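The structure that follows is given in the form of structure tokens.
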């Protein structure tokens, strides 16, 4: 998944605002489902992030074209852990792990099979 | 209503990103209701913006403390027009008019009396 | 230019937050330059938005894939006006005109020829 | 420091978008300096986030009024670690630690004394 850096992503430090790397990772996670014609979000059922552990290695700047790489590392019935890395060409800019839980009516719930299978 | 400019509001041009002035105006509109112990948003009922006409006069920068002034100019049963101005001290930075419609289940609906009265 | 709607773009009304349509239009304007190997932003020179006139016709929702169409309508030496429309398939969701001025060291300045030519 | 939750902070899941808690923590960190008449950002000198470790405990919703509590836990000459917690009344919603480095011309640099003293 490719991400272009626009004005909205940058800040007065002339680099990408730190919280926005989490947006880029979320886009890549949602796109995993969209690409299969599925949605990670139904009326009252969806994934929520429970934990984030992130390292900021180098900064992205306006106009950059970044790659987000995603890997599932832990897969349980109601939660998963994904490792995601953001590169500019071969240069690692950001890496993070995300623990996600699946909720139905705001309570933990088994991940539906069709969504679970996306991670195979 | 006062708005502080943080990193998230700025961009690589070292000024506030242009779409964010619309956020500041929206905060001031919501705060009109919050200050009276009301909410502009119920389950399936809320205001939506239908039109915006905005002039950008001067730019705000990181650390600025801005004032948002709001005035109702047109008040109909299902829609209103508000004029909002953003100042840094006595200096006008931004002015805009917003046409808002009230929706229930995504259809136009009369504004409930308790919300309507906030504009008195 | 295509825009996917992600979580970050939506709000509690379950539709796209109104200020974000301005972000989508800005992405399309920047991409006009990126596609030609140019940047709309140099150290102390860049376009700023002076006026916005926007109509919100229908709402976009999570997962939508939108098209942004851009047309130059007025072209002066130091400012331009663009009309931009956002569609979901054949359905018009949003239309707006944007007056942009070119600044150098925060003062109005003639648009450089290589950027000006992008609008031919 | 108090944070009100507006439309812009929420998403289609009807809760606050996960990356926005990082914005709230950053606002509180910047405000530490603003309250003393200082700025955490000079021309080419500023703090950048190097690491984030975050736990999402409960979700904030539209209209909430949150408290951000900040504590310095590690203080070195060129970097610090802060622990920040976000509460709604007595209820913990979010907790995170942030490792921040000070940069000058994009290189690690000793934190200036006047900024360093803010953490006393």
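Letters A, B, C and D mark the chains as written, and numbering starts fresh at 1 in each.
The definition used in the following text is that a contact is a pair of C-beta atoms (placed from the backbone, for glycine too) under 8 Å apart; a residue touches a chain by one contact, two chains touch by 3 or more.
Remember, it's a predicted structure, so these values are computed and weren't measured experimentally.
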B-D against A-B, pair bridged by the larger set of C-beta contacts: B-D
Whole-Å separation of chain centres (CA-atom averages), chain B against chain C: 21
Where chain A and chain B are represented by their mean Cα positions, the distance between them in whole Å: 31
Length of the line joining the C-alpha centres of chain B and chain D, rounded to whole Å: 26
Touching two or more other chains - residues of chain A: 7-8, 12-13, 19, 23, 26, 41, 62
Overall pattern in which the protein chains touch one another (line/ring/star/complete/other): complete
In the complex with chain A, residue positions of chain B that touch it: 7-8, 10-14, 17, 19, 61-62
Interfacial residue positions of chain C with respect to chain B in the complex: 12-13, 15, 18-20, 22-23, 26, 41, 46, 48-56, 59, 96, 106
Residue ranges of chain D touching chain B (in the complex, touch as defined): 4, 6-8, 23, 26-27, 30-31, 34, 39, 41, 62-63
